[in-house]
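Two complexes, one shared chain (chain A), two partners (chain B, chain C).
Then we have the complex of A and B:
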């Protein structure tokens, strides 16, 4: 039996896949009986879910602390927005341009990752975000600066259609990333993340695999960022590039459970729902959400999904 | 004229950066912890001094002391509530602890800054300076507070140097940063060294914070940039190297001041960030880093 065939059959037989599939099917019926307001929230949450899943591939599997997910997201979002603003090509081309810019940025970001490790790498990614942020503000003529960039086109004005696009995109990205994480490539990544020297000694090309992880993570982050621009119709530093956006992505992934991919999406939906439920508390809502995340990190390091799966295993 | 202005202003800013980064690098050197709530602790100290001075109406001396005290308490709280539980956790694998501590201190910092924003709004807060008035330095009108800031910063850094290099406790700390296991074999309680280092760190953060509050003023928005600047200075100098951080603090401080005066204040942070990226590519262990 070839490895690919065994992989395919393993995925088809896995319980997680069936559970995930039924959740997506169930979620796709929501526009029939839920208000447009909630649909809008969930649409945002789904895009955030993709950001978090892409981040989890880097952190949970390749073991690289990327403090700058918003560098990749912002690059994708702004490239798509600026392309649309300047030349107004078809939206597909803008989306492709955004994803491509993000992949290129991911490669540049990955170059030091192949040289430095741990905190040094974390700092490089953080600095990348700060530089992008400064650039967006300085090049105000192109990017709209601190006021933001408005995009002339949107994919659709219908809340339901936007919701289905976001859900479909999240499901597709989740499927690809999850399959990747369970594949031999995912295992090699995990090995390189935990002990790069030993993985190298076993004959795996650590550098190549980490670079691939970067490119894949950047592709999904950038594409999600570009799609989000066409959903919101605008791009601003506060929604795409700011460090706090990246922190939200990280919190969602850690909350949902690292090294699970699907947990990251769960964490993002939970985070946005919790933020909305606590909105009456004003500034205190972020405090409570961060406190909850801290408690999860301190007491349940494997996250929400880890908690669920462990409960199932022990019973 | 302008040159003297840049030299004097840059010196004060750099001294402040140096003091902030020294504590950060001390914690890393001894216990291997990168404390991402650094900026939040500094802001907490400023806000405490501001509340004491503004709302309770105490004198600026007492307010400053209260601010330093709050920095001290918050630092120990950070250690006991966030860092220590993770270090001793049996659920997390040893090689992943660093990542968990980074995430947890980041969250802790957000909690502190959000709480401050909730209780005392996002407005910028300036602490009344202890020393007022203006002095003439080489023909430049300089606020006396700026001179005071530089003097205190270097005094504290000097005291820290004496503490680490000339006392028995300091030598134990130094030894712990080189070989923790060796120190325990000599009968020194490692956990007390950690508590002591976090206590010293708290004092440094408190002093640096209060001075910053008198010099520039802060708001809860400054939390991220403050952490980032301490982090980048420390990495630029070489993680764990105190003299490296001091040099790096001056490089960054002068680079920023020069950009602000000669180009535009809007571009203030960009050259330092670019320099950092270049150093990371060319010499990842920093200017004076050992590893």
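Then we have the complex of A and C:
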């Protein structure tokens, strides 16, 4: 390639984009020949993929470790579920409400949290999860408390339809987040994450950009959470809010490859598939999956996707 | 419109905790002028630069860019008004190419800019051409030589066509020919009507480039004028060279040991691409007080860290003839070579006494008590403050505590790295007296690293001058001013 090709064409020509498209196309044919059980599993995995991609935008690009992805996810999920329970508007409205609540909660959390430096941002987000978790349990009349919240509506009962919705949503989210990460704004975000002082001296309002990243991350997390509620037909603390859910999201993103966006989705599918494949081992399966994640993080810090693209770059 | 794009600083003041870092500083830089802002470590020159850029917020005073008051503004607004800064240490985007790194500097601060503007890329290429990076434009920063990285930082800083350019230590780590190249680039900005502020340690390094020099010491202006005037200035000479210093050197032959206690032979250290030490050789006899004099970045800390076993190096370092290579830093310290690092490394939340007790961990309780009584005699102020937490001590008291804690370990060789860093002159004197007593009442061996010559010379038996990673002079302290002094202003 000549060095004169523009940044825009470089994005279009990027192999990652073409590989991503082929994988999505291939995945969309799965309902034709795999069982409903596997489709169900992948549906979950795709929503998790969106959680992880949204988290990677914050950590990999803006450089902020959000220990509370499940705060944003939970806000979206419970808001959508409660709206449906109380008023039964159209599902679209519930989804929008969930995404909006997550963005609003994200701003309320990020505004003060972005003022503190270093590890305190992470700690603030962690505390937010615990507060939300306690609120859900205390306000049991509204949220179903520890028993969980069942919603009257679901989007579809057909495994294939649910699968396509999840895949389409993941593909669309991935495309938006990836394009964003490769856009001028993505470049500014990366600079802000790596050296906030210098980014400021280059004329960028670091807080504004980080806040924007938080809002975008919250929007996709909340929307994915809301969609997942209408797939599962129920919301519970254990599936949406618990700190361990957040940890899974983080592990998936790091496993797939930090700063790659698409790698995060790969990591989520891998994590859920591995957990399922090892299910016969009982409690041991969690241990093995965690150990594998640890090995990848220690030996290949650029993650699964980083490993693939790195190998290609050097040839 | 008034033609001069310029920077005007008045009454600038900034304190950190109890320490006044910058006190009532004022100067102007006109359009088409290069001002050198110089001062030793801790003089406040970097703080002044950060205050101008808005990285730190001034306590008082005014900063005007073309007449616009910007004191207290966040740095991104100041940058957009036309101030660019070349950082000494920066973290470029390592996964992006040089071109993309320069493009970054050209992007508007807007969130809705999602598609790259082709015009921006053309401008980035033009800037790369101007600073001489055309050949490496598609490479990643990690594969570039150090000088090209500096050029890339310059390219980023000038991307927005600043009318005021701040450059932090422009020539640190560059070779002579690279320095020439970089100087030419900076001159070109001046000729375009830019106001340029160069921040550096000494006049010499920027003399060829600057139109005027503004010299600072402990937060205040001590001289202003042309490079030649400032180099002749009495106060500047006293700060950098110590004026007439009484030395008390003992001749090297008076140390009876056949083999020096510490031998450093042909030691070289690299940090990635930058060479931090180049074939450095020196020795210290048992009981001797040796000073290594050098400006910031000359390699003093690197030398001490190599001796303490904290860095990989080539060459040999021997203690009483036995090589130290392969020993862990902990083993070297327990063996009696104890370093007081520049950063002090005190436990800020522990009391003075607890910090000292930690130093005496390896001694018996009885020994430790005796030792502490002796130290309290040497540093009476520590006795008065023994129940205060270390973090609340003044800078000078913290330095005394650092030395006292090292002495608790009964070192055979005490390494002091820049003990005067950021200390006021009166504190310096107290510290100097304590060292004098230490030298007179004990047989301790000391290796002192300093850029403050006034402090380094009086106690020294021998002096080494370290410059750009090499030893350039060694000898008796009384000959220092005459033989090595001019190179040190």
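For the reader, a short list of remarks on this structure follows.
Everything that follows uses one rule, which is that the second predicted complex is superposed on the first by the 305 of 315 C-alpha atoms of A that agree within 3 Å, B and C clash if a C-alpha of one lies under 4 Å from a C-alpha of the other, contacts with A are read in each partner's own complex, and residues count from 1 in each chain.
Everything below uses one rule, namely that contacts are C-beta pairs under 8 Å (C-beta built on N, C-alpha and C of every residue); 3 or more make two chains touch, one makes a residue touch a chain.
Since the model is a prediction, treat every value here as computed from it, not as a measurement.
Overlay on chain A: chain B and chain C clash in the combined arrangement. The larger set of touched chain A residues comes from B, when the choice is between chain B and chain C. Residue contacts after overlaying the shared chain place A:123 against chain B, while chain C stays out of touching range.
When the two complexes are overlaid on their common chain A, residue A:22 makes contact with neither chain B nor chain C.
Contact with chain B, but none with chain C, is seen for A:250 once the two complexes are overlaid on the shared chain. Of the two partner chains placed around the shared chain by superposition, chain C is the only one that A:179 touches, whereas chain B remains out of contact. By the touch criterion defined above, A:35 reaches neither chain B nor chain C. Judged by the touch definition given at the top, the superposed model places A:212 against chain C, while chain B stays out of reach. Shared-chain residue A:65: touches chain B; no touch with chain C. Residue contacts after overlaying the shared chain place A:286 against chain B, while chain C stays out of touching range. When the two structures are aligned on the shared chain, A:194 is found in touch with chain B and with chain C.
Note: residues 194-195 of chain A belong to the chain B contact set and to the chain C contact set alike, using the contact criterion stated above. Interface residues of chain A facing chain B in the complex, by the touch rule stated above, are 59, 65, 111-112, 115-116, 118-120, 122-124, 126-128, 130-131, 134, 137-138, 194-195, 243-244, 247, 250-251, 254, 282-284, 286-287, 290-291, 293-294, 297-298, 301-302. The residues of chain A lying in touch with chain C in their complex are 3, 6-8, 179-180, 183-185, 187-188, 190-191, 194-195, 197-206, 208-209, 212, 259. The touching residues of chain C, when paired with chain A in their complex, are 53-55, 74-76, 79-80, 84-85, 87, 90-91, 93, 95-96, 100, 103-105, 107, 109, 111, 113-118, 121, 137-138, 156-157, 159-160.
Taken in their complex, chain B has these residues touching chain A: 34, 82, 85-86, 89, 91-92, 95, 98-100, 102-104, 106-108, 110-111, 114-115, 117-118, 224, 228, 231-232, 235, 239, 266-267, 269-270, 273-274, 276-277, 280-281, 284.
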